[in-house]
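The two complexes that follow have chain A in common; it is paired with chain B in the first and with chain C in the second.
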Partner chain A sequence: MTDFPSDALILGGNRIPFARAGGPYAGISNQDMLTAALDGLVARFGLQGEKLGEIAGGAVLKLAGDLNLTRESALSTPLDPRTPTIDMSRACATSLETVVHLSNRIQLGQIDSGIACGVDSASDSPIEVTPRLRRILHRAFAAKTGMQRVKALSAIRPADLAPVPPRNGEPRTGLSMGEHQALTATQWAITRQAQDELALASHQKLAAAYDAGFFDDLVTGYRGLSRDQNLRPDSTLEKLGTLKPVFGVKSPQVEEPTMTAGNSTPLSDGASSVLMGSAEWADRHGLTPLARVVDARNAAVDFAHGDEGLLMAPAYAVPELLDAQGLTLQDLDFYEIHEAFASTVLSTLAAWESDEFCRTRLGRGGALGSIDRSKLNVAGSSLAAGHPFAATGGRLVATLSKLLHERARETGRVQRGLISVCAAAGQGTAVLLESVTD
Partner chain B sequence: MTDTYTKFIRSAPGAFIARRTGLPRPSMLPRRGDRPAPILGPVVVLGESAGADQVARDLLGEGADVRRRFDELRSVGSVIAVLDEISAPADLGRILLPLAGAMRSLAPGARVVTISRPAQGEDPARDAARGGVEGFLRSLAHEMRRGGTANGILVQDGVDLDAPGVTGALRFLLSARSAFVAGQFLTVSSAAGSLTENRDRPLAGRTALVTGAARGIGAAIARTLAADGARLVVLDVPGAGTDLSQLANELRAVPVQLDVTSEGAGERLVSFLRERSLVLDIAVLNAGITRDKLFANMTSDRWDPVLAVNIASQVALTDALIEAGDVLGEQPRVVSLASTSGIAGNRGQTNYAASKAGVIAFVDALAARLESLGGTANAVAPGFIETEMTAKMPALTREVARRLNSLQQGGLPVDVAEAIAFLSSAEAGGIRGGTLRVCGQNMVGK
Partner chain C sequence: MQTGSEVTPGEQMKDLSDVPSFPAIYAAALDPRSSGRRGSKEPVLPSIGYRVRQVRIDAERARDFDHLMGGPATDLVHPGVLHVLAFPVSLALMARRDFPFALLGLVHLRNQVLQHRPVRVGELVDVECRVRDLQPHRKGRTFEAVSTILGEDGEIIATDVSTYLAKGGDSGNGEPSAESSDGARTSAGGDSASARSSRSTRRAFEAPRPTGRWKLGADTGRRYAAVAGDVNPIHLSALSAKAFGFPRAIAHGMYTASRAFTESRVDLSRPLRWDVTFDAPVTLPGTVLLAYEERGTHGVHCVGWRAGSGDKGPRRCFEVEVTTLG
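Up next, the complex of A and B:
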């Protein structure tokens, strides 16, 4: 293992409850939500007036005007305005990547503290004009005379005026993420029953964690919400079983569609943040570190040519990460596998259990094996909480860090936790965290 | 925060109409920022006792312009009538009547304070005189004009008039901090407590918890305690989290998201305080809700939450704080929020009034329990206060409620906060188990 000048420690987190698109956060901007998440973090850890090393944030559905979204949000908080910021993006893994980015900088000693964060609003996603109209308008703006301008504008046709909503599909295949995943689910023969069970468990575990006060110091109520709006504590397998499949319905490759609104994440609004720092910085601020970032890996798959499923990249990134750290899949105490769809989690687990996949695809001697399912997403995950794309990584890191810290305190043993997040365009990020106790 | 009617009545045509028709003409009440001087001078001290001399000397020591007679004064800022040694009803007039001729010379926002002793049920003639002070003062408070107020201090037999509690109560009642306190008595029952040296920051070095702090009166309490130098722990339900964290950021306070009615809330608060190494000197139990309904239509979903939040949570929370043994400071002060509804009752508020009357009895018992720790508990009972909650009342009901007091206007959240800040101070150590009304002498109840 490489020795870095400094450990990158997770000191805590804060997010706003996640809402369903078109719900209580409709009409609220990304900047408002990110500011609220940061304000809550600043309040919780007494960071008023503090100059941090860096704030790294991002959004997936980003308005063109939000060029410096993180900077603008940070300037609305009581943090020292001289704190530098950076906007980053790797689709659904965005805020996990901001954590990795800051941990790299802290480990190298370039900075001693920072906030990783992310936000997304499916309710306030950008709607653009058609490319033709855009070019016409640019020509008109560039025109030197009134006549030239009128001439340029006269080229506009009614069809040019239709607004262009954000594309809900992969540009290279034209298929939506759900349609892609329906193919993967079929390939791995993931049953409807197994997906519904995973979804139900997510709701039950998230509700139990809220009831136990687990999120009291991870979530700050916002706009009347004190829990994630999508959470259905009273959901049952029967209720989930009545939902009609929505993905793979028209696909000839999918014999029996299994993916419903119940076992897929809804479009969501929300923001999350994670406070990070070196041991020295944490000590100076009287903060108790929860976990340290051990390592991270990325992978990408060739989904465009049908070589691999769109959301299967984590199945490759995780073994690489484990190998780098000399660990087996079973050496971990907690697994946080992002529930983009229930079948994504189940396909990934099935791949690791498959000798053939692990031999041919990963070039290993045999299967990684199965995991103890009682260690998987123990405080609920995206199926229950919702999934505001760029906010999910921050939610996962803060949740897992607290779980690791609590368990390490109880058992007196170092705890290890894995986070894996799949992202659009066939990408995936895996991060390994380890508990820190005093 | 001036209501529409008051704005109109202060305009030239409004004032003309009001004078002709006898409509209420509410005066501007100077608050701390409007009148920073601790005492509005000149101050006339009435009375012949040694106690009266003591009070006059103390005020002189604080740099006040002290007189013992009205004589040729054209404007009088404050009047203190010291009646601690009266022994028969005939004594009252001798001391009080000189004030009658000076009533029209009282300055805007003037203060009249009586200092007397409570009836003991022992000496008929003396008790008759002592009891008489109450009737006089409450009537005089109704007659005060131009934002002036009249209040009394009752000093238990055996407690000298230079006790910290007496000086503290006098300072509070003479200051602009008591702008909306009228016709009330503060009882000083012991010589406990100590005088504040840093009068600008009387709570410096103290840590205060305020529940229900995110908005309204709770936020005003937190701001006032912070302005007085206290370090704040602000608590509210998770749903109010963003407002709470914004307040915490403003005051550099520690936010706690907690539903005080949840199972084990007290233990959770205690472990949070321990984790952050916080020791509370002050706990302001402000979290409260209303669910109004005529009793004939009352259901458990309206009754239970009101009782749970407004009083049961206070019992549980203070139990947990006391039993923890290591999260309360040396002279803890608990101040709870009662209501004039808890004193006089209010149609449609059987649940609320039950909870608030419960608070009044609760603080009395709690004060006895805290005595061994050198602490006190008291309550503040707000009358009509201009808040988001009262802004939602039906317009006519609200307008009537506003005018039904001697000052003919609603109070501000800061008025409640100021009374709480006083009861949280070291000076209030001798005041225990009482309920101070902040109601502009609301016509209902005592």
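Up next, the complex of A and C:
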């Protein structure tokens, strides 16, 4: 492995509790939430007046006016206003990508500190005008005479005036993400029972982590919410079993739809942030590093014509990452596999357990094998917490870093953890973290 | 500035069951019978205080206030929210029949807030309002309306002191007040000022280099009223303003002061001071130029003014100073 000038260390995180769309954060904007997450981080780590190397953030559902969303949010915090920012986007992997981006910068010695962050609001998502109306209006604005303007505007038809909400689906296939995943779940024969069990485990583990105080230094309450609104600690398999399937019900390829509102993530609102820095910067600020970013890989699949499932890119990105680091799938102590849907996690695990997939698709000698499921999403994940798209990566990184640090202290051994996040348009990001102890 | 909320000997405190509604207060103030109460004898401020207990700081109102001022909706409350929470209570006090001045003629000269700790949305607070410190002034009399915001355990969270000028009448012993020696401060005041400029020996205002500009639409007063509740007619429309002798609607002083507070980017987690002086009114629609200046690591100073035109020089509209303490 190349020696970089500096390790990129995860020093901590802060997020606001995630809310269900239309819940307590209705009427609250992306900028409000991102500012709240950053404000909490600043307060927690005493960063008032601090000039950082960079703040990298983003949102998936972004208003046109939020061009500089991260910058505008940062300017409302007590951070030094001379801290540069960047807005980034890779769908649901956005804030995982901001971590990778800052990690690269820190490792190259370009910066010594930064905040990776992300936010999304399904409650305040952009609603646009139709493309036809937009073009008519532009023609009218460009008109030189009143007559030309009237003529341009007279082309408007009532149907042009209908507002256009954000597209809930893949533009190339016309299928929603859930419908795509229903096809993948069928292909891998993922049962309803297995999905409901994974969903239940997510709720139970997240609730247990909250009860144990695990999130006390990772979450700051906002707008009266102190825990993730979607969390149902008292959920049961029986209750989950009563829910009707919602995805794949119209797909002829899906004989028995299995994906319900219980084993799929809800539309959510929330924001997360992660404080990163070099060892020297952390030391200078008296902060205890939790983990270091070891490496990251991306993959993309051709889902458009059905060559691969829409959300299967992490199944490719992870083996590449492990190979680069000379690790096997079983060398890891924690696995954070984003629960876009329960069946996404289960399809990915099934693929790694499949000799055929690993041979034909990954070009390997055989299966990567199975993982110790007790190491999977141990503090709960998106099915319980909710999934504000661009905020999920930051949640995962802060959670895993703390887990790694705690376990390394307990065991006295270096701990390794994997994060994998699938993203719209057939993309995926995998990141390897390693514990740091003093 | 006094910060005590202890009921001084001889002071009465009247408990209101709820924060009064603005329209009812203004309607009462417009009642022709109310003008008959003011005799020619020496004015005396009522010694009674008004109190409302257990007022919830509404999260949605705080959010709308933050958004109106161009800031993010924070869980820590903008002190302007505390001001608009208390304002109808002090207004009700000033609308009493035994109050010596006409409510709608008062000029808001100055506003000083001292906030000892952050306040979170959803908190329950007590609001106490008093009037005090009647002073002679070159153009009438000044007095202070003091609102105290108290926490559930009785601790003082914030004190908000509004200095008003009641114009006209016999200004007492005729001695110049502290303000009138500083001529710039007493020109046609801000909030509910007469539009006619005074012919005082106002020092010429030298505009600094602007760092920002507000283009305020004709609806600025209505948008503030929708959030703050203050439906004082001089802010709402040109027509309603004309009825009170203003050629155009004028921006609410606390709107300009609160917006400048937001733009000062104050760390709301700290104790702070927020001092405002109002000069010329901001007419609507209109453009205000602003200059922000960091003062040390704890303070931000802002001055807002209307650009000059023709042979008329620029007119200072307000000055805002925000300082975090400790």
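We adopt the following convention: the second predicted complex is superposed on the first by the 438 of 438 C-alpha atoms of A that agree within 3 Å, B and C clash if a C-alpha of one lies under 4 Å from a C-alpha of the other, contacts with A are read in each partner's own complex, and residues count from 1 in each chain.
The definition used in the following text is that contacts are C-beta pairs under 8 Å (C-beta built on N, C-alpha and C of every residue); 3 or more make two chains touch, one makes a residue touch a chain.
All figures in this text were calculated on a predicted structure; none of them were measured in a lab.
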**Prompt:** For the overlay on chain A, clash or fit between chain B and chain C?
**Reply:** clash
**Asked** Between chain B (first) and chain C (second), which does A:P78 come into contact with in this model arrangement: first, second, both, or neither?
**Response** both
**Request:** May I ask you to decide whether A:D217 touches chain B, chain C, both, or neither, giving the answer as first, second, both or neither?
**Result:** first
**Message:** Quick check for you: in the superposed arrangement, does A:D39 touch first (chain B), second (chain C), both or neither?
**Reply:** both
**Request:** Determine, under the contact definition given at the top, whether A:D87 touches first (chain B), second (chain C), both, or neither.
**Result:** neither
**Prompt:** Once the shared chain is lined up, is A:E434 touching chain B (first), chain C (second), both, or neither of them?
**Reply:** neither
**Request:** Based on the superposed arrangement, let me know which partner A:E339 touches: chain B (first), chain C (second), both, or neither?
**Result:** neither
**Asked** Should A:E170 be classified as contacting the first partner (chain B), the second (chain C), both, or neither?
**Response** neither
**Message:** Counting residues of chain A touched by each partner, does chain B or chain C come out ahead?
**Reply:** B
**Request:** For A:E54, decide between first (touching chain B), second (touching chain C), both and neither.
**Result:** neither
**Request:** Answer with first, second, both or neither: which of chain B and chain C does A:S226 touch in the superposed model?
**Result:** first
**Asked** For chain A, which residues lie in the overlap of the chain B contacts and the chain C contacts?
**Response** 36, 39, 43, 48, 78, 221-224
**Asked** What residues on chain B touch chain A, complex-wise?
**Response** 237-242, 244-246, 248-249, 252-255, 257-258, 262, 268, 275
**Complete:** Within the complex, chain B is touched by chain A residues 16, 36, 39-40, 42-44, 46, 48, 77-78, 213, 215-217, 219-227, 288
**Message:** Under the definition above, what is the set of chain A residues touching chain C in their complex?
**Reply:** 27-29, 31-32, 35-36, 39, 43, 48-49, 73, 75-76, 78, 81, 221-224
**Message:** Which residues of chain C touch chain A once you look at their complex with the stated criterion?
**Reply:** 59-60, 63, 66-67, 71-75, 121-122, 265, 267, 269, 297
